[in-house]
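To start, the structure itself, in structure tokens.
First chain written, first letter: the chains are A, B, C and D, and each begins at residue 1.
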């Protein structure tokens, strides 16, 4: 390791040191042990920026740090892989971790919480795990830190262990993501067993090995390309669990039981982001398998719609955000699945910023509301908390995908990439259609949330006299608000397509043009591998305009609908009332019959149906697995009668059974 | 000299008597004796095969097995004694406080 | 490299000898003052003796005992090959010594106020001597002797709380089933002896593979192939004896009761060291004496298939039964049965044409398991010391009263479940990988399903201590020095073992390679 | 069948036949005068009290157990004795031949001393001996 990269391990180790300090002596430190964490994440942020600068200067690193142990077949090691992708992710993760630490001063310290050292220690460990995951240079190391991330979320979601719901939410999050991780584990092992390497990059990477194996080798009786699909999908199991994609998304809404800054961290930068980041990290591998890509795209598109509809009926501000997260990660998966690597990463980065912003904003609102989270008890906060309002609004508009906020640019690119592939692939087109429809719902629930929270008249005592929030809460909000506004400038792809300006910075960054890059890990290399053809309507320019117009139009329509539905000082609970169409027509805030139909005839049933499906079918399956194993265990334990004579008889029976079975096997009785 | 099959049949018979005793007896002492029968069946085998193969190993091992069987009985009697103190019986099917 | 000093060859048994001598020393101490034993002296001697044995073992390992000649000191063979000291033997002697030391330290507090201190420690040491000898046994004679030397003290130890009905009942069940299985085992030995005419493991293998029509030692006319029936039944009966010692199906019935009723440190001792010793015998006997192909050619079946079946049955029964327990100690007992199933995969892989990796992974798993399982049972010992009760509900909220111990418990549980940052992960991972490479897809699948299930009940305990409200107020809980020290040592090792996996993995793989190629 | 077997058989025959013959002979010759005193159990002149099915002191079994164990151990000394002279002539030093048996006996002695000190061979309960191994707690 040379030059600046000598310091790269420090990025990861700073939060670990903070964790250790806070854990050991946190109770003697001021501010509940927040300072080591803030200093450490600040240091990580600074160093991450240095790394990004180094990458911009044309350097990258892919180094072995510590060899775990070797066998003749394979070496297990820890290593650092810093390329444009991980450098960008490092900056975002450490930035958000830093801001969350600062924000926590307001959210946790000022509220007189107990157990703060435990909280900050957890945050430190969480940040450490995620940063280590980001710089991992091989799949096993990824897996280890992926799991550690899950463990930290378990600890932090269950922070308020005295409540009834938090521990079970923590356990659910842990178990559901673990369920996905078992597939991941099988995938890791299968990849190791078939290629003898787990490295992401370089000549000895499993991607290279798989590439050369295709058309020439078979593994475990499968063709190499089938095997790539199988292993890729197994790893995807972990991604689906962590990134809360259908059908393993159920843990995420429950995870709202954790402290709000933790939610911000989980949703924006760490746990949930880990899944999509993993897909991006090993994108070269997925690019080899059209089937795996199609599955990713379809799951993504479906999740985007499915979660967005559910977001429309939630009353708890954090629940709305939770479903929006699931939906937005669906977009990223869609982007990955259609080969839109840049679009996916772009949306990942943008989403990290604006979702952190929204959660921190929601956190500020929750402080102000004395820990009330029901949006129907809020209202009228706009005048009382302007900083929060304007930053939250910026985040909301970004989430809804309204030009010129960051979310518009990335979501548009996702949809554009999906569209040009979808025109020749019917399955992708279906995914695209669902994602497009989800844009409408996104606009709807986002603006509904803003309206209910900040507009209208205060609907509770707490909303009339909100609690003041401190400076540590306002600064992160302001920083993130600005970023949510200008973040789109990272990659103004439509402008490049239409006006020929060279403004797709992120694309060049990820492609290693003018900056450092690792062979085989560039957008360019990926695009060559992906087998999709592109089609256009009215040429590339026409398609760009069409796609942008469609998504913006739908977003505005959804937003506009919500804006009008929930206008006025005392908005009505549309989603609560299931009255007949006539009752609704009397209501004067419907603009036209189409919207009424859309709101009543489609939105609500769909949303309710998916919500019910979520509650019954999926949770039912999870519970069912539990009961089957319990029942089986119950049967098995009955063997254990407690009578030693029975045991002796069973032992003798067992011996006889072994003799008979092995004897038949050995042909003794013939 | 008697054919080796005779010894093996004898020992197998003894072994099976032991097994039968284990399956039917509930008295701890009887259980223990049944186990001893099985061990002795093995000793007969060892000695007989030692004769058959013309090596001493089996005989010496038989001696060891006898020694160990004695030690086992000693431990067993000790346990049966405390069993009687605690449960007032040496019926092995009585102690079932732990199960499932 | 340290030059091995010119000691008599018998000194190669160092760890076992040190343990045995320490037992005698404890007897002498106890004879000196039989009526008011000095608990500290007895526990201290025991711990010191086992640490010394550990030191000797490590020294031999570093000196290269067992490593083939040019690089190391070579395998040391004693008493005409009745005992061998190689890497496998040293590896398991270390495991035994470590667990014995932990148990001795923890027992100082646990056995406070109990009678029979001298007996307790000397029996622990004698059993440990037996286990260490098991590791070196290379003949069916020594295997059986060492096995009994380990078993007989164990029976007495389980029943040592003479006024506790649970302890006595556990002792009775353990003893009766143990006696039964050792009778079956020795009968199996006699049949193998009849078929091959020899008892030493390598000679048995020679007789099986040779097909010379002659007795391997005397040269008399003797055709092993003519006695294939005896050999086949004998092998199955040997398998049964080993299954008892490792608490595998169908001889696992004693385990839940014995572990539940026994004093908790003894349960830790039996479920870690004794089980590991059972596995070393299984590995030694089956890989050395019964080469897979030759044996299959003679008796018709492949014994590794039997191990594969037992592995799947054992892990499934263990984990399913553990999932429904309310009593923590009993849950751990069943989970220990489940882990025996994981370790059996190592033997199942031998016949499937796997390389040393599967077997090496099984050895590593046993090593890591020695720490995490001992630790878990020691936590139960601590809970019994506090007198908080035995069920999951009784453990509720202990995390607030005794955070350090509960952190250790969390480490053990997550490690047992195989969560990555901890020691249990990598060994399970390697087992999984190895079994997949060997093409044992079914076994690998069972491993994953069972691991997933095990997470359910392990995390349940973690949830109980940290997140649940206590049913009764525990008041302030004492912090007994010995128990805490042993607990923390085990926890630290469980964590440290993963980053430091290199040397352990190396020695385990070397041991596996050596035993497979010999 | 060799002559040795004939001699052994003759010895066995005589060994069994002699006592049977003498008992038969005396029963034929002696007068038969049955009376109560003769049917009683002979207890060295004492008049017997109680039935035969009373419980023995547990210490009795302890001693019996010790006897069984140590008795069996002598079986291991026996082969050593038989080969002792041959082994010495075979070359190894006296120490090499003697040491294992001394170690074996040493271990047995440690065990015996321990058992003794712990009261396993004290015949009856006394004030000075701790009855740990048998007390009814």
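The criterion applied here is as follows: a residue touches a chain if its C-beta (ideal position, glycine included) is under 8 Å from a C-beta of that chain, and two chains touch if they have at least 3 such contacts.
The structure displayed is predicted, hence computed values, not measured ones.
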Geometric centre: closest chain by C-alpha means: C
Identity of the chain that, by mean CA position, is farthest from subunit C: A
Interchain centroid distance [CA atoms averaged], subunit A/subunit D, Å: 81
Length of the line joining the C-alpha centres of subunit A and subunit B, rounded to whole Å: 65
Approximate Å spacing (C-alpha centroids) for the pair subunit C, subunit D: 39
Centre distance in Å when subunit B and subunit C are each reduced to the mean of their C-alpha atoms: 25
Residue list for subunit B, restricted to those that touch at least two other chains: 22, 31, 60, 71, 78, 85, 92, 95-99
Where subunit C touches two or more other chains, by residue: 162-163, 172-173, 176, 180, 184, 256-257
Pairs of chains in contact (touch as defined earlier), listed by label: A-B, A-C, B-C, B-D, C-D
Interface residues, subunit C side, partner subunit A - complex: 172-173, 176-177, 180-181, 184, 229, 232-233, 236-237, 239-240, 249-251, 253-254, 256-257, 299-302, 305-306, 309, 317, 320-325, 355, 357, 360, 414, 419-421, 425, 429, 432-433, 436-437, 439, 441, 448, 451-453, 455-456, 459, 463, 466-469, 499, 501-502, 505-506, 509
Subunit D-facing residues of subunit B, complex: 60, 63, 66-67, 70-71, 73-74, 77-78, 81, 85
Sites on subunit C touched by subunit B in the complex: 140-141, 144-145, 148, 152, 155-156, 159, 162-163, 165-166, 168-173, 175-176, 179-180, 182-184, 186-187, 189-191, 193-194, 197-199, 215, 217-218, 220, 222, 230, 256-257, 260-261, 330
Touching residues on subunit A, where the partner in the complex is subunit C: 66-71, 73, 143-148, 151, 158, 161-162, 166-167, 170-171, 174-175, 178-179, 182, 185-186, 189-190, 192-193, 220, 626, 629-630, 632-634, 636-637, 639-640, 642, 644, 647-648, 650-651, 653-655, 657-659, 661-663, 665-668
Residue ranges of subunit C in contact with subunit D within the complex: 24, 27-28, 30-32, 34-35, 115-116, 118, 162-163
